[in-house]
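We just call them A, B, C, D, E and F in the order they show up, numbering each chain from 1.
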Amino acid sequence: MPFVSIRITREGNTVEQKAQVIREVTDTLQRVLGKPPHLTHIVIEEVDTDNWGYAGQTTTEFRRQSAENKA
Amino acid sequence: MPFVSIRITREGNTVEQKAQVIREVTDTLQRVLGKPPHLTHIVIEEVDTDNWGYAGQTTTEFRRQSAENKA
Amino acid sequence: MPFVSIRITREGNTVEQKAQVIREVTDTLQRVLGKPPHLTHIVIEEVDTDNWGYAGQTTTEFRRQSAENKA
Amino acid sequence: MPFVSIRITREGNTVEQKAQVIREVTDTLQRVLGKPPHLTHIVIEEVDTDNWGYAGQTTTEFRRQSAENKA
Amino acid sequence: MPFVSIRITREGNTVEQKAQVIREVTDTLQRVLGKPPHLTHIVIEEVDTDNWGYAGQTTTEFRRQSAENKA
Amino acid sequence: MPFVSIRITREGNTVEQKAQVIREVTDTLQRVLGKPPHLTHIVIEEVDTDNWGYAGQTTTEFRRQSAENKA
């Protein structure tokens, strides 16, 4: 009876990508742990970059600094 | 001190329905476990059907197939 | 496709009480929102009172003060 | 390796306020528990007041009653 | 910056199985969504069967009935 | 009405440290966002290092390799 919550930043993830993540994680849980797919629920929770903090700053700020460092 | 998170798909749940779920779950926790309502918080998290995976596919796809099977 | 997480303090909740909470919440989601029970998963997460903070202190401390105030 | 989820109602929290919460909580975890910031992720999950239940009613209703009581 | 929570029942999952789930899910998120492993955290939360409700009953009860039906 | 979940590895966090985290985070939410302490609940969820994956491996393995690299 798995329930999986996947939190990622909302940065252009497509429907196809999300469907593939769901397919692969369901398959992993079946193959490795024997969990039947009809008992496996997976929720992808997309979070605005202003609302995701990493290393003490928002991801919005983190992305901006990473872009500047590359420039 | 209960905290309840209820994840459901975002498919037309009305304000009235959500208020009733909050009322009933708060009542269950008070009646069965003795939890006082002013310490009970309940969050309803509505998830797009593209972001909820069930049985290895998105709920969008699952709903589409269910509709076809009925047709 | 609901998934419900119920966090409560670990303070002597019995198997029977937990089973009744599961039964009633599943029933509420079916009756109010039309969610089928075979798609409804509910997890009760019991938390040590040292690990639950309320009003800026642990529940262990909160319980101790409430007991003193009654004495 | 901390992961922190902060659920609050969506009621006009600014980008600056959210950045400050992220900064301070990351600092607390580093200072008190020795957790390095580059392993600390914090997600702020803003919830509509219709979807947050407190004391058996929605926060929308709770806010309305509080305003009436003050009037 | 993904954070993944995987809730499963506590029913004899080995360290090796859990390590493989972590390896595969991290790989899926990197391959499909481009997420770097050093930003990917995965938590496996094992839940007692008395605390996991499915179809209105505890998993303890559900397992017992499934075993009887096979006998 | 904040609810905060703090997931950390179970590696000798003391009751005093956890009480201080609860105190400081409650204070941050009051000072920055105006949230009253009697509506703020914080749960610290301690996770075994075998169950926390980082960079594709368990934290148990990650700690072992870090210790070897220092030796």
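To be clear about the criterion, contacts are C-beta pairs under 8 Å (C-beta built on N, C-alpha and C of every residue); 3 or more make two chains touch, one makes a residue touch a chain.
Just so it is clear, the model here is predicted, and its values are computed rather than measured.
Undergrad: Could you give the fewest steps needed to travel from chain B to chain C through chains in contact?
TA: 1
Undergrad: Can you give me the shortest step count from chain B to chain D, moving only between touching chains?
TA: Steps on the shortest route: 1.
Undergrad: Looking at CA centres, what chain is most distant from chain D?
TA: E
Undergrad: Centroid from C-alpha atoms only, then distance chain E to chain F, rounded to Å. What do you get?
TA: Each chain reduced to its C-alpha mean, chain E and chain F end up 21 Å apart.
Undergrad: Send over the residues of chain C in touch with two or more other chains.
TA: 1, 3, 7, 21, 25, 41, 43, 45, 52, 54
Undergrad: How are the chains arranged in terms of who touches whom: line, ring, star, complete or other?
TA: Here the contact pattern is something else, fitting no line, ring, star or complete shape.
Undergrad: Applying that definition of touch, give me each pair of chains that meets it.
TA: Pairwise, the chains that meet the contact rule are A-B, A-C, A-D, A-E, B-C, B-D, B-F, C-E, C-F, D-E, D-F, E-F.
Undergrad: Mind listing the chain A positions that touch chain D in their complex?
TA: Touch list, chain A to chain D: 7, 45, 47, 50-58, 60-61.
Undergrad: Would you mind writing out the residues of chain F in touch with chain C in their complex?
TA: 15, 18-19, 21-23, 25-27, 37-38, 40-46
Undergrad: Which residues of chain A touch chain C in the complex?
TA: For this pair, the touching residues of chain A are 1, 3, 41, 43.
Undergrad: Where on chain F is chain D touching in the complex?
TA: 1-9, 13, 17, 20-21, 24-25, 28-29, 32-33, 35, 39, 52, 54, 59
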